[in-house]
Structure formats: C-alpha cells, structure tokens
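Here subunit A shows up in two complexes: once beside subunit B, once beside subunit C.
Up next is the complex of A and B:
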C-alpha cells in the first residue's frame, strides 16, 4: 500500500518542493502539513474540510483579534519558507567506489509503508521503544493521520551515471499532535548502517523545530531506557516537574 | 485483546442497565443526591467559549508549564488555539448539566429526601433542555493517529462538582471509544495531582518501562545571534538550529559500505 508516489530522482523532488511551496496559501494552517494534501489529485486522510468550515463559521462571531484564526490573509511567503523545510539535503558525499550520495530530510510525509516496515525489521536500531510487528493497515493509518512525518532518504547516484538514482528510506520519525498545544513524538527510526552520524539527532531536531515554530509547546515522548541519554542530549528532560505518562490497562 | 473488549463492553452494558441503582448507592455514600448529567461525544456540542470558562474555573492550563499570576491563577486559554485543538482531537467528550440542578446543588439544599420521581422532576426531564439551559461541567479529549496510539488531554471537571465520578466517566467514555476503534495504546500525561485520578481510571505505569520525557531546553543567559526562543506557558523553549547549521558542523563521515 503506497502512501505516495516515490520520487526516482533528486531533480524531480526539488521540482516537487517548489510546486508544493506554491500551494501553501491556505489561510487555515491546519491544512498545510497533512501529507495527504501533498499528493496531487488524491484525496486521503481525515475529512477535515467540513470541520474547518464549521469552525470558521463559529469563529466569525468572535471578536477576538487572534492572528491564528483570521481567515482573510494567508501567511507571508517569507514566513512560510522559513517554517517549511520540506526537503533539505542534509549531507552529500562521494563514496570510495565513486558513488555520489545525498541524504535528504523531508517533512512531506511521503513514505511507503512497506519501506517503513522493512526499516523496522532491520537489526539493532535503537531509537524506538519496543516495536512489535504491527499490521500494515494500522501502520499506514497511523502514518496518514500523524501530524508530522519526517523521513530521511539516501539517494545514490553511481559515478558517471546515466542510470536512475537509487532512493532508499533510511530514517523516519513521526509526531502526533492536536495542532495547538500538545505533540508526542513516536517511532524514531534510523537504519543501523547509518547510525552514529548525527542523523537521528537531525531528524528529531527538525521535528522539534517545526513543532515549536507552529507554537506547539508540549512536546513529549516515551523513551526506552537505552535512549534516554540520546534524548537528554537533545534537550528533553525525564519526568519534568513530576509529569509522567500513564497508560491504560485493560480490565479483565 | 478481544477479552479486554468484551470486559469493557459488559461493564458499560451493566452500568447502562442499572444506572439508578448505582447512582443511588453513590448518593448514600456521599450524602449528596446524584447529579443528573448528560455526557456527549459529539464535538459540535462543545461551545469553545463555555469550554474556556470551564478551564478557567478549574484553573487549568493547556500548557504543561503554565505561567502563573501572583495569586496562582493561570492565563486564560487562547481561543484560537482552543478551536484548533478541538477540531483536531479525535475524540471530544463533554458533560452537561441543567442549570437549575446546579443552582440547587450549589446551595447545599439536601435533596436526598425528595422522592426522585416527583411530578416536578418528571415534568422537568420530559421537556428537552434548551441549549442555553445546559452548562458544561466536564470535558476531556483525546488525540490519536487512528491506528496505533492515542493520548488523552485536558480532562477537566468544574471544581464544585469534582470527586463525584464525573471525571472517571469522561475517561471511561474516551477509552471505550478508542478501544472500539481498535486502539489500545492509550497514554495520558499526568502531573503529580492527576496521577491518583488516572490510577483510579485504570491507568498505570508503562509496562514496557519507558521514560516519559518532555522538551524543556531553554536559553541559558543571553541569546546568541542565531538562537530563537518559542514561549510555551512560562517556558521559553529554545528552537533547535536550522539545517544550515547542521550542514556546517557535521563532518563528512567515512563512507559506509552497505
């Protein structure tokens, strides 16, 4: 089950970035980062439009001048570009065999659920709290409905190439949110052969940066003991002011 | 998991079948008459203004680290953000009570000796309550990704009506809806005060032993040139640097052989 067309070459992905940047004139920002929106011609994901209009109609009755709810003017384009790192080349290098490799960070949420499952199946990735094998349908639904899905892809171009680039998913992180106050980061994954290079750090930092820039202040996550230090280095604190996460236990 | 579902459903059928008996029991214990409340999972029943007032009455802030005034009050909740949060919460549960019951209740008039089936009460419940008559006394919401996980936020009950089981009903309703959608990984961030409440609702420590962490990095001292802060309640959170910084500081690693 593909969530989006996979991009074969970096050139076309850059074109797509530009195209998508133009679409973000929508005054209601809550639309913008739905990755279902970013795939032209396909309607997917929650049917938010009816609700958004419902709230617009109620909002029009309120006198409060709040720039997050104004329907009239779209955000300035400069501000938009700053807060939308849709695709960024994190690093470029040439391997000894002459292959040219780029690592691309993307928050477009364009990810194939089979790639995600393959990524999870690899040994020794350490960033995630126990991930049992879950049904593909559930993974797909959760990716579709996550507020932010950030991915790392490696694009390899063999030297002297007229051949198509090879694009591979090597990292992913996602966050669920209510778009206003709370966000929880789930499932930070990095391919074992790419770990130790600061890529996981970049992934999480970009997530935090995006969330904060959208004024979402409660960023939480549930970390496995092995990775508590990793997140501490990134600015997370365990049980801050006694705040703990509790989980529902089914009653038999 | 199927057993868990069955247990939850049978529990809710039982309470639906014998509401009067359970509420009478509770009133005998508490010495107060049961409060006739209605609970709704329909998001359109929530008036954001009423919700904001409820949050203010309970001195509750949606920010985890709220800014407090000298007398301990939190800032009023931003209405625009409340709209956003409501429209993007998978489940929104609200509890209402008719104003007249609240008025009598607050006065402390003992109604235990009033026969519950008095003519006045029967007529009162026969006439549907108008919207203006209903007051929101409780609220709770959950955010979910529709497949794997969900987190519960902002469970609030009007302080005069706390400790009467309303909050527990809200959480039970939320978890019931989530489990009916096949989501069993339900979390709730709790402060020290809220922990006992969620314990009573059937929540406990993560059986996988995970550590709850929140982003709390603030700027220390003066800001450097390219440091940006984002206020969240009383926290001035440091925004991590943009990618240009990453590009310059990382050393191009030795190529890996895949």
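Up next is the complex of A and C:
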C-alpha cells in the first residue's frame, strides 16, 4: 500500500469524503447513549481526514485485503486547528464486492449500549484485563461515568445504491479521569474481523491525542502481559521508575 | 511536569529528580483480622466491608483527636497542597485540585485534625479515587502528614476508601505504588502485577523517541 498512489486523486477524494459524510444517515436506534446526555441518533461534528505523518506510523497495517484502499490525506496539519474534530475518517476503501466502506473514529461517545455489549461478547482480542459478562445497565452507567468514550464505526454502502448505509460499531475504548490530572484507559476492544489492520493502534492513538488536547497530563492503563508490547509501541512504559500496578484482591 | 502518584512520594517521569527529604517509612500496624485474609488471599472471598472490619474504628480515631471525613466537603485545598508539598509532591493549581475533587465520584476519604477551630478543614491524611463508579477505580494521592506517619492514618483512609468503592459495587480497584510502599498496600489486600498485568504510563518523551527512529 503506497500513500503516493493516492496523492494525485487526494484533492478530489477529499471533496468526496466530505460530500459522502454529509449524506450518511444513522440507522434507527431505540436507544443511543451519547456520552453525558441522551440524544436522538444524529451525527455531528466535522468529518476531517487524518494527518499524513500519522499514517506513516501505522501504514504497515493497511491494505492487506485489497489494493483499492484509499488513504485520505489532509492538506493542512490538524494541530493548527483550534478544536479537535469529534469525528475522523481513518480510512476509506472499496471492498472486493464493490461495497464502499469508511472507518470513522469518534470521541463524541455516540454509542448504542446494545452494540457495546455485542462487541464485548465477541471473541475479540481483549486489550483490557478482566472480562466477565456485564449487565446492560451497568455498561450504560460505566459509559456515562467515563470521561471519554471513543468509538470506531464502519459505514458500508453497497455498490450502486444510494440508501441503507450500514453503520456498525467495530471498536471502542474509554477513559476515566478526574478531569484535571489523571486519566486511565479501560476496555480497548476491536471486532475480531477488523483486527490486524492497525485499527486498535489508531483507536488508542486518537484517544491519547484527545486526552492530551484536553490537558490531561497523566495517561495510564493496565495491560495484560500479552499486550504490553502493543502499548509500548504506542509510547507507554511499564513499571515507570519501578512503580507497580496493584489490584485489590484480584480474582486472576 | 508529569508525576505518577498514587502514594505520598512523587516521582516525576520527566526531568531530574530534585533532592528532597523523604517521608518516614510506613510501619503497618499488623492486625490479625487482615493478615488472616492474606494467606491464600486469592482463593478466599474478600472481606465484607463493615465498619467493624476497620483496623481503627471512627471512634478510636476520634479519641486520638482525628475525625474521618468521607467526602471532599469542607476540605481546605490550600492545606492539602501544603501536605502534598511536605511529602514531596509538586504543589498543584488549587482550582485543578478542586475540579479533581468534584469529579471523584464521591470517592474521597480524609482525616481531619480533630481539634477544630483553626485546624478545621486541614487534612492530615488523604486519598481519592477516579473511576466509572461501576466497574473500575484507581486510587491516587494517598498522603499522610509526615509528622503523623506510622500511627495508622494511611491505613485508615485506605480501608475506608476501599470500603466505599466496594459498597458501590466496584470490583476492580487499582493503584500505582512506588517500590518502597508496595509493602504498605499488601496488608490492605493489594497485589502487584496479578497474573502478569502491568501498570503502564504514557510518556511523550517515549513517543518522540519512537518517531525519530
């Protein structure tokens, strides 16, 4: 997969991204829990493509399944913008069956609790410790009380049709915080059929960026042995200065 | 400057460590009821949170001149900052501290010097926790006034903080402990790296080193 291949068409694809995004509708939901308030299902915020050098770091994960993945490159640096957009298109691609797909990162916390539970239930690569089956009400409460809920959604449009875009929750991560000094990342999940493409990495990277933008200086997490390397590659350090993570009467 | 601090010794992750006087070592008051739970702790049910399970009851603390407070109400933030400074933490913006206390979800326990009057609102021991109120919590800023360490005040706030979290149903209580205080938390029921789980912290410096390669 080469970033260079998409440069020539980046201008037009940029326009197309914005154009398409406006036309996507959220499917009907009986209950969408928007972080910190209940809203009817509605997409909000600017959809903005990602910085080019961010792609350099996760480039190796993309383009495994098809060669028609198109990476959208922004003309300007996001850092220069005053506010971090709530939604970011991570990638767009056309699948072998002609379906057009977009993967969207969002920090708005727009998430259907049933979708979260379904994601938890899948036999996914769990980046997070301890996973008993959780009751719906508690999941909703945990999301409500989280400082930041980040999601990955896949939006698919079957080829040749203008309606019935399918939106699916394929990843989630959340962070609790005291809103001042510390944040702790919990529950990093990626749907098994979307793993191995660098999306987990992208999810956590964006989550970190959002936290740093909100001036939360200390970002921590607890990592299962198997995923310590994954987080190390993202800039996390285990046992910094010998400091140990401790748990109260763990059942492991 | 970023500092990792569950406990009363600050450890900046960036920049050099400045020389400072370290707080006195903790001597945990051994208590039979707690050590009983330690043997084969992983397999036994965790202790039920009842006030009778506390090493020092509220009444015993009162008789020693200390009043336990279970909410941030009435806490003198400036005085808290003073305690932070005396244990070696960096002083922090009082407005930020207030914001952190507001968003603690009620998980704040502190001990007030019971003399009252001018000592009102002044913490001699303190601990708080962040979390989602349902599943997970992380304990931060456990401090005891250096001149009053070693008499059970740190244990008192920790026991009550854990009890309050357990009462809400939070089953996953974690913290970050500097090597020299791991021993303080063990008798309270905390285990380090259970099943190989590692506490990790994000470091911007690590991030920059990575990108330059």
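The rule is short, and it goes like this: the second predicted complex is superposed on the first by the 165 of 252 C-alpha atoms of A that agree within 3 Å, B and C clash if a C-alpha of one lies under 4 Å from a C-alpha of the other, contacts with A are read in each partner's own complex, and residues count from 1 in each chain.
Keep this in mind: a residue touches a chain if its C-beta (ideal position, glycine included) is under 8 Å from a C-beta of that chain, and two chains touch if they have at least 3 such contacts.
Just so it is clear, the structure is predicted and the values come from calculations on it, not from any experiment.
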Three-chain arrangement built on subunit A, subunit B and subunit C clash or fit: clash
First, second, both or neither for A:233, with subunit B first and subunit C second: second
Chain touching more of subunit A, residue-wise (subunit B, subunit C): B
Which superposed partner A:95 touches (first subunit B, second subunit C, both, neither): first
Partner chain in contact with A:105 - subunit B first, subunit C second, else both or neither: first
Residues on subunit A lying within both footprints (that of subunit B and that of subunit C): 129-130, 134, 138, 141-143, 145-147, 174, 176-182, 184, 186, 208, 212, 217-225, 228, 231-232, 234-252
Subunit A - residues contacting subunit B, complex: 30, 46, 48, 51-52, 54-55, 58-59, 62, 64, 66-69, 85, 88-96, 101, 105, 129-130, 134, 137-147, 174, 176-182, 184, 186, 193-194, 196-198, 202, 205-206, 208-209, 212-213, 215, 217-225, 228, 231-232, 234-252
Residues of subunit C defined as touching subunit A within the complex: 2-4, 11, 13, 41-42, 46, 92, 96-97, 99-100, 102-105, 128, 130-136, 138, 140, 162, 172-179, 182, 185, 188-204, 206-207, 210-211
Subunit C-facing residues of subunit A, complex: 57, 129-130, 134, 138, 141-143, 145-147, 174, 176-182, 184, 186, 208, 212, 217-225, 228, 231-252
Partner subunit A, residues of subunit B touching it in the complex: 1, 3-4, 7-8, 11, 43-44, 48-49, 62-65, 78-89, 141, 143-149, 151, 153, 175, 179, 182, 184-192, 195, 198-199, 202-217, 230-233, 235, 237-243, 246-247, 250, 252-253, 255-256, 258
